[in-house]
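Each structure below is given as structure tokens.
Below are two complexes that have chain A in common, paired first with chain B and then with chain C.
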Partner chain A sequence: MSIIVENLNHRYKAGTPFEKQVLFGINLAIGDGEFVGLIGPTQSGKTTLAQHFNGLFIAKDGKVLVDGKNLADKETDIVAVRHQVGYVFQSPEHQLFKETVGEDIAFGPVNQKCSKDEVDHRVRESMALVGLDYDIFYKRDIFALSGGQKRRAAIAGVLAGHPRVLVLDDPTAGLDPRGREEILEVIGRLHEERDMTIVFISNTMEDVARMAKRIIVMNEGTIFAEGATREIFSEWEKLREIGLGVPETIVIMQQLAGRGMKVPVDTLTVDETVEAIVKEMTGERGQAQWS
Partner chain B sequence: MDKLIEVKDLTFVYGRGTKQPVKALKNVNLDIMRGEFLTILGHNGSGKSTLARHFNGLLTPSKGEVLVDGISVKDRSKLWEIRKRVGMVFQNPDNQIVSTVVEEDVAFGPENLGIPADEIRQRVDWALETLNMTEYRREEPHQLSGGQKQRVAIAGVLATRPECIVLDEPTALLDPIGRNEVIEAAKKLNRDEGITVVLITHFMNEAIESDRIVVMDRGEITLSGTPRDIFDQVELIRELGLDIPMATQIALGLRQRGIQVADHILAAEELVNSLCPSS
Partner chain C sequence: MELTKDITLGVYIPRKTTVHQADPRSKILLTILLITLLFFIKTYTAYGVYALFALFLVWISQIPLGYAVKGLKPMIPVLIIMWIFQLFLQKPDHAQVIFSLGFLEATDVGLRMGTLMSIRVLLLFLITTILTMATSMVELTDGIEALLKLFRKIGVPSHELAMTMVIALRFVPTLAEEMEKIVKAQMARGVDFDRGNFIQKTAKVFPIFLPLFLNAFKRAEDLIIAMEARNYTGGGGRTKMRQLRMGPADTKAFAAVLLFTLILVAVIRLFPPPIQI
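Up next is the complex of A and B:
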């Protein structure tokens, strides 16, 4: 399922003295089955843009097409779009409102008027997808969950609507390293095994580097850069200018390269970085240098 | 250095007297020294925030004792005395800002303490200057970036002239530069103003320059030591649901592959210096 944005402008409090334009002429296309990272400084417009993808905002100036359908058209069934494009808000655990995990996850399918069997099927399936054991967690009190478990329960609630696209707004914020790892694994699995299109908004560059294949960089309401993950992070000076960093792996490689070590400066993970340094250092020792 | 905060056999139970009481802290003992930069690490639900909320009397012990500058947090008549000494900054800056102008927001704390107007002026100017926020003093807080908002929140606490500032995951919702601004501000307050800093974080990199790290697990303090001591215990740290800094991970990977790397690498610069000494 593709998302296409054409010449999108967005103004908050339009028509009032407090009007403020926050998106300026955005054009982008996200293809079916892509994994896109959406990064940018705070207030760069990431969340506002992403909230157009499932009709939380309807474009008044410009177009947003989901699966070819213009969300501003009266014929477009916006409720159906919201099921197809699942949106996981920042700190989604704040939205858990039922007493038990099972009831909360079932809320969407019940509202979609699914049969009792279908509801149960979807709850089981969603819980399995996020790694929450049905027998253990179905009846568990929401308040008895850890931070990472709550967040997985919230994601399961969105998955129970059977979305084809998942938009996640900083899904690892505030989680401990293990909780962060669990959430990233779940997202990776949804993409790999379920071919879901993923839009991953994050402030943690190491996570984006590891997960996303392509990156869209927002700054001051415009698209600042767009490209393959490696290309984007190799432009570290430009990213730093707008208040973003690059993964620490790249910082380390740049400093090594600056001191004359012949290493690539675009490694995105710890393992890749270790490999590249080992290759350079043992290569040096093992091979005679002929001029 | 003398003790600013003493935690003695502290036990805290949420929902005491209900059907499902939860023991969040179990017999915790901890001394925080005046002028120390202490980082508290631990998985979600390990009791970090519950512990920190005793430091300025937001919570009172179910059992045991917490003394701030010798004053018990159980003595509710001394609550102002305690809160004058220990200020708190939380995760979400939007929930902590009360005014529509930055300098008025910073003045809110000292106003509530009944400080004379001209001294409030001095304190607000000083606090904003210390946090590098002077040029934004007339701005509306909601127009600022996340890092700037959080620095306004810290300035507001600083203007009450506390001895200690507790920062409870102050960078969790910030972008990389904002994160850096807040951590640098905390270090500066500690180094230049002599303020005791207690930092709670899930970012291991933010802990590496602390004087001491305390690791919590299921309501207890399981480890305490310098960043080097703590991050040397790779297996244990991971078992506790935490991780080691990225440069440390790379150093470890290299060592396993037979590359010589110095011990105790925590920061990127240390790794680079070890692999490629600058001439």
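Up next is the complex of A and C:
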């Protein structure tokens, strides 16, 4: 399922004295089964752009096509589009609005008018996908969940709608290392095993470097750069200029290279980095012992 | 999907006009005076004069009229219902029936009272909107607190009242933003707020309020802790960083409103209402 954006402009608070244009002539295409990272400094328009993908914002100036259908068309069933393009919001506490985990995850399928059995099936399935035990968590109060569990419950709630595209808005923000690991693992699995198209918005460059195949960089409401993950991060000076960080792996390699070590400066994962350093130091292909 | 842009309550539009620069105390007092005047008006002519003055205030305070009026939209159904009630239920002895629908009789007095009342509510709204759009929240509270101090001798907790008010107003946009998030989260999972009849639409509103209230309580708790962490203990012994001072802008404001009052009184005297209401 593809997403195509043509010449999209967006004005926030249009028609008020506080009107402000936040998107300027955005053009992009996300193909079926892609894993795209969307990065950019705060206020660069990432979230506003992403909320156009499932019709939370309807383009007034420009076009957004999902699966070839223009979301602004009257004939387009926008509710169906929202089921197909799942959206995991920035802070999960805003997305969970039922009292128990089970009820919340069932919200999407119930809205799709699924049968009782189908709803139950989907709840079990999505809880399994995100690694929440059905028997333990089904009746658990939402407020009794940890941050990482809340986020997984939120993702499960979206998955229960059986989307084909998943948009995740900074899903690892504010999580402890384990929670972050768990979420990334879930997202990776959805992409690998379920062939889901993933749009991954993040402020953590290490996560983007590790997960995304292609990256779109936004700055001040425009697309600043676009390309394969390795290419984007190899231009780290440009990213620094607009206030973005660079993955730690690249920082380490930059410093090693600066001290005369012959290592590649565009490694994206810890494993890859370790391997390259070991190889350079031992003169042969070493195998990373820890991962 | 943007809810916050439709809320004009408590929105401040920063400009550098005489209206903005006037002391909040004078602005509040003059607004009260202007509202009081509204209740003595019984003719369309006088309302016309009043409306002209209100528009003049909008103009000199550089508030976009369309934006100021926008907040009225949700009130329109209420106004219409009120107007219909007045039209059919005002039946003093001297009233003349204009037309009747079954047992309902519309009278000339009802028509007049309904229309005057609607105009009154609209102007009341416009005048208060000018006050809130041209006065920052901090100034407004300072002004109210200063005015309430006059009643402290009879036990009015002026600072506490003002603080409560500022917090309430401060959180209107925040709650609206929060509501927008909840609405979006529900839309993203297949709730269509535009579809369905009136009852179905209303039923969809309830699931928004539960999380909204829960979040509001959590927010209140955070706020209490934040205030206590900064040793807030209420009004006693607190001094102000900004002292309120009257200036030339206030002289102008009082002069303008006084002049308008005189003109209005003259108009009310010269053009009495054609029928007794």
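In this section, the second predicted complex is superposed on the first by the 283 of 291 C-alpha atoms of A that agree within 3 Å, B and C clash if a C-alpha of one lies under 4 Å from a C-alpha of the other, contacts with A are read in each partner's own complex, and residues count from 1 in each chain.
Here is the rule we use: contacts are C-beta pairs under 8 Å (C-beta built on N, C-alpha and C of every residue); 3 or more make two chains touch, one makes a residue touch a chain.
Model, not experiment: these values are computed from the prediction.
**Student:** With both complexes superposed on chain A, which partner does A:Asn111 reach: first (chain B), second (chain C), both or neither?
**Tutor:** After superposing on A, A:Asn111 lies in contact with chain C but is clear of chain B.
**Student:** With the two complexes superposed on chain A, say which partner A:Pro41 touches: chain B (first), chain C (second), both, or neither.
**Tutor:** first
**Student:** Applying the document's definition of touch, where does A:Val270 land relative to chain B and chain C: first, second, both, or neither?
**Tutor:** first
**Student:** Could you let me know whether more residues of chain A are touched by chain B or by chain C?
**Tutor:** B
**Student:** Going by the contact rule set out at the top, does A:Phe97 touch chain B (first), chain C (second), both, or neither?
**Tutor:** Only chain C is touched by A:Phe97; chain B is not.
**Student:** Taking the superposition as given, does A:His83 touch the first partner, chain B, the second, chain C, both, or neither?
**Tutor:** In the superposed model, A:His83 contacts chain C only, not chain B.
**Student:** With both complexes overlaid on chain A, does A:Asn203 touch chain B (first), chain C (second), both or neither?
**Tutor:** first
**Student:** Sort out for me which residues of chain A touch chain B in the complex.
**Tutor:** Its residues touching chain B are 40-43, 90, 141, 144, 146-148, 170, 173-180, 203, 205-206, 240, 243-245, 247-249, 251-252, 255-256, 259-261, 270-271, 273-274, 277-278, 281-282.
**Student:** Using the touch definition from the top, list the residues of chain C that touch chain A in their complex.
**Tutor:** 1-2, 4-5, 13, 64, 66-67, 70, 178, 181-182, 184-192, 195, 207-208, 210-211, 215
**Student:** State the interface residues of chain B toward chain A in the complex, per the touch definition above.
**Tutor:** Touching chain A from chain B are residues 20, 42-45, 91, 145-147, 169, 172-180, 202, 204-205, 241-243, 246-247, 249-250, 253-254, 257-259, 268-269, 271-272, 275-276, 278.
**Student:** Name, in rising order, each residue of chain A that touches chain C in their complex.
**Tutor:** Going by the criterion above, the answer is residues 12-18, 51, 54, 56-58, 78-79, 82-83, 86-87, 89, 93-97, 107-108, 111-112, 157-158, 161.
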